[in-house]
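By written order: A, B, C and D. Residues from 1 in each chain.
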Amino acid sequence: MDFTFTEDQLAFKEAISRFLKTEVPPEVLRDICDTEEGSTSELRQKMAEQGLAALSVPENQGGLGMDDTAWSLLTQELGYYAIPDSMADTAYVASGLLTALPEGTQQREQLLEMIAEGSIRIAVVHGVNPLVVDLHLADKALVEHEGEVHLVSREQFDCERNTSIDSSRRVSRLNFSASSASKIAGADDGSGVWAETLNRGALAVAGKSLGLAQRMLDLSVDYAIQRKQFGKPIGSFQAVKHKLADVVGGIETAKPTLYRAAYALANGDARADLYVSHAKLACCQAAMVAARHGIQVHGAMGYTWEADLQMFMKRAWALQASWGTAEFHRQRVADDILADGVAIGPQYTFEG
Amino acid sequence: MQLKFNEKQNAFRTEVREWLSNNVPAEPLQSYDTREGFEQHREWEGKLYENRLSMVMWPQDLGGRGCDLIEWLIFEEEYYAAGAPMRVNQNGQLLLGPTLMEFGTDEQKHRFLPRMASSQDMWAQGWSEPDAGSDMASVRSKAIRDGDEYVINGQKTWSTRAIYADWVFGLFRSDPDSKRHHGLSYLVVPLDAPGVTIRPIKALNGKDAFAEVFFDDVRVPASNCIGEEGQGWSVAMATAGFERGLLLRSPARFQQTAKRLVDLYRQYAANHGENGALRDAVLESWMGAEAYAQAAYHTVGLVEKGAKIGAESSINKVIWSELDLKMHEAAMEMLGAYGELRGGSPAALDDGSWLEGFLFAQAGPIYAGTNEIQRNIIAERMLGLPRA
Amino acid sequence: MDFTFTEDQLAFKEAISRFLKTEVPPEVLRDICDTEEGSTSELRQKMAEQGLAALSVPENQGGLGMDDTAWSLLTQELGYYAIPDSMADTAYVASGLLTALPEGTQQREQLLEMIAEGSIRIAVVHGVNPLVVDLHLADKALVEHEGEVHLVSREQFDCERNTSIDSSRRVSRLNFSASSASKIAGADDGSGVWAETLNRGALAVAGKSLGLAQRMLDLSVDYAIQRKQFGKPIGSFQAVKHKLADVVGGIETAKPTLYRAAYALANGDARADLYVSHAKLACCQAAMVAARHGIQVHGAMGYTWEADLQMFMKRAWALQASWGTAEFHRQRVADDILADGVAIGPQYTFEG
Amino acid sequence: MQLKFNEKQNAFRTEVREWLSNNVPAEPLQSYDTREGFEQHREWEGKLYENRLSMVMWPQDLGGRGCDLIEWLIFEEEYYAAGAPMRVNQNGQLLLGPTLMEFGTDEQKHRFLPRMASSQDMWAQGWSEPDAGSDMASVRSKAIRDGDEYVINGQKTWSTRAIYADWVFGLFRSDPDSKRHHGLSYLVVPLDAPGVTIRPIKALNGKDAFAEVFFDDVRVPASNCIGEEGQGWSVAMATAGFERGLLLRSPARFQQTAKRLVDLYRQYAANHGENGALRDAVLESWMGAEAYAQAAYHTVGLVEKGAKIGAESSINKVIWSELDLKMHEAAMEMLGAYGELRGGSPAALDDGSWLEGFLFAQAGPIYAGTNEIQRNIIAERMLGLPRA
């Protein structure tokens, strides 16, 4: 029993964190918001060079073969810096999906190699997540259709563009006609793969949300220390302290649920749905509380476009229902723990 | 206790309802935080004014129709039920208006109030200064008397829609040696006066909803002072309760939001099945809005019998702002993945209107005195708890 | 449109308040808790002398003929002083029930006269409220049975005594055998009467809860002003201020709903169920918040038997589910406002 | 990361589970806030001790079995899952115990710890004084050195079960001219010493759960001082984190409550139909307890790697105390009209056990440092926000 990360995992996370901090400060984020594409190939390329693209591609296909627990750390960094790029969708969710397909599945190895090289963007489209980020930039899309896996190229689908409150987040709906030509796996293989994929999508959202929560907390603490009112830093008022203390509480209790869920997913735990949904709910909730208390602590400044806080709040709001609404995930928790004869209670923290 | 409207009140309701049903624009106006939308709203306000429906409680000779508070509540109910446009000149009409009524000279009243009611003059408020925020008394902008004029230097901020407005009002330090709430004067300043510079501040929704206003040797005649020179604090405070009070956010606004939320839930339940937690959020919303409405009638009844509104305004402020947040959070949950979409998106379920409301609701616990300040006021003034 | 009370109503309320304040200070309350009966006939008699017993008995039967709105004020006083007596059950709920029965119903006029004189205790027993206060002292019980009204004397029913957390509240369940002899009204008359009775029961609980909330607030304010910590009165800390401010908010928004509901009941409003349930929920919620914040402000002292707060908290907790649980009343609100074509919205505050 | 128990851990779990299943009393013990129940609990603790299951983390020679934190968590899980009795001597075992381990002389350790583990000595804490409450440094009780003895005068309060206990520990002012946290000494005092008077304080549930302890020229030998004379504050603070931290309220306790709540809800739903809001309250409870458990394993992992527990204890305190309240509130709602009934009532649905838990939960945000103080600590020590 060891519920901690290895030195290597933490060092990798630190390196990525330093890289993102330098490459994507808030000014750059603002610039990217103003572009037409909403994402830059330069940034994508640089992230690939840092090893993010290859992170969980199997070693056979030129990847680093790391598992979900690594992503539970890295998605937090992607959230913390509000990275305006769908890297995790390709390098984590799509890569995981392809890896889970039987070896020899059409284009499987080739696509995984391209992911590892950072030379392809693959969107993942599932009914639970109708709005797909950066679909307009995707080279390919892996689409759920009646449990089957379909692979379609950019020219084979329509991309209905929509405008998110988060102006660095470009979301679209996909329209395409499923055919035997587009099918790369049937429902027999596909159903299990999609269940896992849905969990990866949700877990990536959870990790990002938690990173966003931490960033909003940090911004709010900085503001509360520096901003004076009635002759004192506002951070010395109990009302401000207690709000920010509650943000800490939300983050600290969400964090282990994220790691727990990632471990379950990486190890094929039969109750992965339960743990992932718990993590998704806890992390998104932590982000909602951080946003609400963050804007309140910022006062009128928090309601402006100028304060950096807004970029993180909007991302947090947008992620709230991404890869499953709160109710979707609550229902999954209920389906497990309210069932007959289920193993719950203190003895089953890990081995249920 | 008699909870029935009389014939006059019913007749007024009918008149307002009919007029609105014939006149409310079929297409929603553009956002009043844009130049074009601002002018559309000015036009609408002019139309209301023509029919004496802009400021129904103001006296006839100042552009109103002399209604009492009950009739005002009726007006608000019909106004929100009709889905009529947001009111664009409220900072003038609700903050400066009552102050002019109480402290303005006859000349000032006739000069400013009818044009304010008709929105020929649009007003921005200048309550805040940089580094002041909720601490309204820390005014540093100066207005130094020079003969028949004041010479103004300094800066105001968070002036709502000041880049589009015609006038600004606020407190200025007329005695340069004074501190805190002493030595302030309440002045009104045309925004096209030489020396005024306005820099927009973008709100969360990306629109220029606020501005900073810079004053560089701006000269206004002494007749632009409301109340006595140096008495600005008392002048402002005498009616500051209004901003936080009943008039700023009438219950009807939230009752209408609650009704829309009920409709949204019925639609949600039809598509996704019943959801107990969301149902409860919707019930709480409806009950919260209704309780606020009943409290308003109760307060109005007491006011008509001679009671004064005091810290109750602070209770209202906390209640409606937090209710508004909860209602919009519930709506966002019901919209699910589509909640993040702005108006104009093909997949948006409601053309982004709940999202806009959600963004605006975020400001509720902050503007017009943060809810932290309001809770302090409730605790200190109503309960007599000691100051820190 | 006049949503205020008359001078007379307010003066009567003031008189009762002064009387209860003098007669039932906390010391007396504690003494009564220690008695076997949990209620004293002296106090009951004195309350009758003040006019409480006769309050809503029709003038024809020697009463004052006042309506539900008067009780919306008086039940607050009964709550404020945590009166350990079921006076309102007889003088308001039972009296209302009997009054609503057709003239000439067996014993109707006689019982009303006895209520007005203060010479009888009548318990009201309805499935929604299985635990009946002071049933062991009741001379008669009016019992709901399949929509019918049954009248039974003390010797005709069994009284199963139970112990409440509120030691001044003596609750029992009733067992009896319904017969044609005990029936005084059939379901045709009874159903409407019981609907009204249920509303009166709930409204009495709402009023008492609101009074309790106000008392807990007052006790907490006193404590916060007088109690010092870290060299200052604890009432000067923002955390304490903001908690008590929220108690005020709860009380002030609940109050008009109570009056609105009483008016609806007194005037036969078709939506009385909606208004009563709203009032019940709002007033009980105000009391729960007052209890929670009250004990927190009191600190360890609030957790003791010695501090007066406990008597009011316990009553508030006990009343929470009395005459209908929160869910029961929420469902009634839902049944109204979520129905097709219902009149809701700003125009229908009063005339729905 | 490796979320599996090893063989040794599994064997320990099995041993504990089996022992408990054979030994946990079939009938619940009486409340330990009564004399009779207190002695029943003492007996149970003795039985635990005999099997080295009282203080599993203590060294073998002091009555424990030298378990690590993971094994302790396992022990707690099995203990709560088995529905074993509440621990009656925690104030000694969890507050004084660690202090003795760190600051006690060998003689003191052997004198006090085994008898504490076996509950032959029951300990009450004397942290609070009248008018002190959360302000632990405002100690007025004096312990003046007189040769080989201290002479104690003063008063402690909120001493849990002190009327039944054998010893009390606490801070006393040994330098009469000192202020606040200076000049304090950490002493242990037998409650049967001449000059000690104990007055019970009744708790909400009517039982004598606390007491005031009066000291009137009470003499104790100098060897009853833990750590250096005058260093009492640092001695107390070095381990004060424990009270607020992991050990006081292990996650297992709340996981067990959550499990009971799930059972209660299933029963409720079977009788009354599904209820979305209650379902969500139950889900939140289960998730909250589970998150606390996972956080505990995470923290323990970090501690085993050398990290120090700091203000995280304050986060735990806030979380479990508010979780406990929410769980019991949900239970009360499900019990409906019967929720008010105490044990022994014929109509009580659960013999009043949820009600007792509800009452005790009310104290959670108050004892061991109010949640207001905990939030200050989180904000000041973890976030670096300035003191007022």
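The definition used in the following text is that a contact is a pair of C-beta atoms (placed from the backbone, for glycine too) under 8 Å apart; a residue touches a chain by one contact, two chains touch by 3 or more.
Just so it is clear, the structure is predicted and the values come from calculations on it, not from any experiment.
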| item | value |
| --- | --- |
| Between A-B and B-C, the pair with more C-beta contacts | B-C |
| Centroid comparison with subunit D (C-alpha atoms), farthest chain | B |
| Inter-centroid spacing, subunit D versus subunit B (mean Cα positions, whole Å) | 52 |
| Computed distance of Cα centres, subunit D from subunit A, in Å | 39 |
| Subunit B residues counted as touching two or more neighbouring chains | 275, 277-280, 372, 375, 388 |
| Residue numbers of subunit C (touch at least two other chains) | 237-240, 242, 330 |
| Touching residues on subunit C, where the partner in the complex is subunit D | 129-131, 160-167, 169, 171, 173, 227-230, 237, 239-240, 292, 295-296, 299-300, 302-306, 310, 313-314, 317-318, 320-322, 325-327, 330 |
| Touching residues on subunit A, where the partner in the complex is subunit C | 237-239, 242 |
| In the complex, subunit D residues that touch subunit B | 274-280, 388 |
| Interfacial residue positions of subunit C with respect to subunit B in the complex | 1-6, 69, 217, 221, 224-225, 232-233, 235-238, 240-242, 244-246, 248-249, 252-257, 259-260, 263, 267, 278, 281-282, 330, 333-334, 337-338, 344-347, 349-351 |
| In the complex with subunit A, residue positions of subunit D that touch it | 1-6, 9, 13, 17, 70, 76-78, 80-81, 251-253, 255-256, 258-259, 262, 265-266, 279-280, 282-283, 286-288, 290-295, 297-298, 300-302, 304-305, 312, 315, 318-319, 372, 374-376, 378-380, 382-388 |
